[in-house]
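Notes follow the structure.
Letters A, B, C and D mark the chains in the order given here, with residues in each chain numbered from 1 onward.
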């Protein structure tokens, strides 16, 4: 399959450019009988939507999604679900300047080398605008996982530049524009972002995603391990440069006696594995963490070249997020949900009639 | 496709258990006309082979690979290449004890929950023994990439537990059993491993992999980005818990002006992106780093449960690597080479006739 | 991948029901730089469009296609091409009667057994209305194949019920509503259809498709042979019950000396193979022939059961084609073009640098 | 995926040339817990095996298959099953003559044009020898389908050149070397084959395959319809030039009232559809029929060219089947079983929890 499809039984295929007529995707493989309406998708889309606070791009997009097929009398039919979002607030003139220049740390240069042509308006296909469809598709997976299996997939911002969270409360995550679970850090983040915006610079961030209620057994070793597919899905999100499962890079300096999650009849005593053993879910929470690079669209001048290879100085005007990480939480949740959904269907297909006498101990 | 295949045009499908009759794989999609013999594969296999130093498992496997098809008169024919390695040094009795117990941090518990049955001998399919075929398949990709495109894929150990490298010299990497590029750290690593082995514990490690000479343009956004497929491939290696591309998690606290790799007619001025922009190779070196967890097979007792859910104390005898990271370098190289090979063929298929006027500036 | 995608490098994924809001598809993998506009697709869509003569359904659909992405400044960019056709002439009331009944020879019964729910309006996803998107996607493939490689893909009706063509002239095919190449049979077909329509019954047909200018070498043995993928593609068209390549079923009673296509420096002396040898194109014309069953929507009463299993008598009112074969020619052309396009890209990906000294002799 | 894999959840990937060291395949996705041993595969392999009567090639191959992985203590584990058959009776000298010539109606010419190089020994990868692995893999599918679901997949020869069967008795099929169900035609076939062999010519054949006990609901519209995947699978068998489902090409001249299979509470009243409606199984027997071309390896001289394009006269010595159709029955059964197995797992994956109130009426 070409590169714009993800998933084997629950397959998401998307299209659309930042400044094209519309964004769309096809969700193929959703089981029939799931109650579904636009409202189920709009909630997640609104959480990702630009222009909701002064800390994100001021581009205003309603991001209203239409379900064009696959749902009949309020329920999925098992046939492909076509989704569409019309673009409404393109301002292509903003981008005319850079039509012949390559913005540093953007995909301009690589798209030109790959395709020999590029839609330079707002980054075209390489724009994070594409992630709206991931969130819409992910919302379908999240609803199925929650309604049928009691699985919840939730994320939060754990670090914004130098500001790390210290306290944790799920209830706080949606009380601030950062998806920050530590109420005491919100003000610090706001001040940091205000200063950053003034300076014209941008900053990176860390997002954590957690799936709870995942049954043991999901994942297809040796190549389609659950953690490998999660890494694929999360690293495919714009600006992501690193992925960790469980203890992640802390493993390097861990002893085996320290890292191993011991088992008792009452449950696992720790979760350094992040809920995945041998590429298969263990019944513990699935823990993933990602690093997002700072936005590359800056009004501070940077050295670059033009399409002919001549040196130029690039200044990116237009509307941008000074920290793409701020809006990335719903996207990371969506991708984890899509992976879990796909693996649930694959597992069911190959092992639906497996009976296991060993109890599912879960987390202690 | 089921979970034991990797790659879309250069497809590797493998089989085999730690203590089964043999390991094998099929490499489908290798272009015709490549000179190939067992000797081309054996070199990399020997670098991964167990029992070559006191710091790895003492299991002795010749790991002699046979090419069963796809090569005629010394050259690939474009038909699938069948590879086979017979297992010769199984000692299944070592494992009889744990046939009814789940070793902490092993796949025993999850395999049982997924399949309802498991080959407990040495971990069966979940054993790192499976990676021998990855190295064999990767050797084919590496030879093609090097001979046809001048691409080199090389890795090294950058951290062993608390011991971090400080100096770097490719020439040193193959002068010690750790693939360590810093000659001054080798003795420290040896002492550390000797003490560790005495203690009966294990430790994690970090491996870096670098591909040089990669042309710009490889990668298939938005889901099959080059970095996303690399993350998939590297995270699918046993014991890997984290993957970074370029600056990785250091991005979190980087400013945009600091992270962005500026372009000049003489080349990119830095490589925080790790050679991938927008999911497509930039012509700079591809930089990946992975974290490996400490081995879970320990003779130090750990709490667990048996197949009926009763509490047990587990001690893992048998022969094991106290640090799986030590032998992981050739495996990581192999997986990166397979990804690059697959993406080279995919890119060629879709864009073979693209002409680009912009010069390939590469690294300054 | 789920079942609504076709092709590996040139991938078509579609959605849409007969009476839903819209039909759409995503064409992923089209090479960049191809001049493309809606006009390039509309021509083929109009050839398939209903309501153009009294011999087809009187449902009136403009079938106006919109290109939503993947084209910039008149050229493809290499990113996915989103296509959309809004439904405009649904008359769902026509179908309310059969919401609880299964029409004989329709997919009503099987969709219910597969999904437990069905969109009964006009057959929902199982309606031939879905083929509009195949034609739109196929038009992109046909343009690329013709413009870049000089390949033409053309089809015609070779038999309508008992009426077989005897003469052949490509110029005639578009001079009549049947795609009939034999001018002397057109009147006979019209009279036959008029009588059939009066009787309320329907009839089958045979369509032949020919691709000329196909280079030798396309096809991926052993499972993705060119003829195997053609069989897959053509049999996936609604109402198709048989597929032949070259001599097809006539092979059964052919001697080897009679069937084998001898080679001379001036070309092959015959084409019983239909342009495919060992699953790979030979450079001769690709010849395929398909059988289409008679329409199942009849106003003549038929025995069936309702959703509860009770016996019922079904009469299908509404607007239908008395011979689906009449409009199938552009659909068959589209599917053959999609297969050739996909195999051209796959072949190029794996064998772009192959040099062959043996001349391409083609057809004598 | 490259071209040597078939199936999405039950995936068969094969390798091997006619005169290479060995043939092999990997069956990935077989559910765990199925009792399996070499004996289960050998039966079908022996039915396909050459040299069992004077009517087939005299090449003697034991075709002894080894199971190298995926089975533990007599049961499948859910991990990939590696299968291997060593070649034992190659006589490459037989083929040295034609190393520089292209045999008419063989894949010699097309392989050379695709790959630029070919293993000319016995046709290399294009030899029907490859089908041994299809039969081995198919035997696993057939056992699962029969043991778990009560599905039987059986085939027979319905026509050998001009000799058509008139009577039908499953019990006769294995009482003669032709898989002929009509005892009264066996003698006629033997005489025909003896005369044919003397003449040095070859002949085509027709094989029918029937699957009984298939539940309704298998098939993934719109592209992966059950009949479309069957057409793909059957057309991928060497020498097959045509595929029919149910009434097949007889549909062309059928009226809708005649073709439609009416439903009653007691079952369908006919099966012109061949057990597939809208691409989904109906619960009736699945009926497929294939046409096989006459063998192309003839000792009667034929015109051709050599690798440089010069005219030559080709005579094929060596050992060949004068009618490849004779041994094709087990191969066709295997491919149908693989398709049904794959679709059963896919259907279960996406629709495992669907409940259907409508009774499964089956065939009357």
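Just so it is clear, a contact is a pair of C-beta atoms (placed from the backbone, for glycine too) under 8 Å apart; a residue touches a chain by one contact, two chains touch by 3 or more.
Nothing here was measured: the structure is a model prediction, and the numbers come from that model.
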Selected from C-D, B-C or B-D, interface repeating A-C by over half of its contact pairs: B-D
Most widely separated chain from subunit A, with each centre as the mean of CA atoms: D
Centroid distance [mean C-alpha coordinates] between subunit D and subunit A, Å: 45
Centroid spacing, where centroids are CA-atom means, of subunit B and subunit D in whole angstrom: 38
Length of the line joining the C-alpha centres of subunit A and subunit B, rounded to whole Å: 26
Residues within subunit C bordering two or more other chains: 1-5, 8-9, 14, 29, 32-33, 78-79, 114-116, 125, 221, 346, 350-351, 354
In the complex, subunit C residues that touch subunit D: 1-6, 8, 14, 102, 104-107, 109-116, 123, 125-126, 130, 159, 161-162, 201-206, 216-225, 227-236, 238, 241-265, 269, 272-274, 276-283, 291-296, 298, 300, 302-305, 307-311, 346-347, 350-351, 354-361
Footprint of subunit B on subunit C - complex, ascending: 8-9, 29, 31-33, 78-79, 148, 221, 345-346, 348-354
Residue ranges of subunit B touching subunit D (in the complex, touch as defined): 1-5, 8-11, 13-17, 20-26, 28-29, 32-33, 66, 68-70, 72, 75, 77-82, 84, 114-119, 124-125
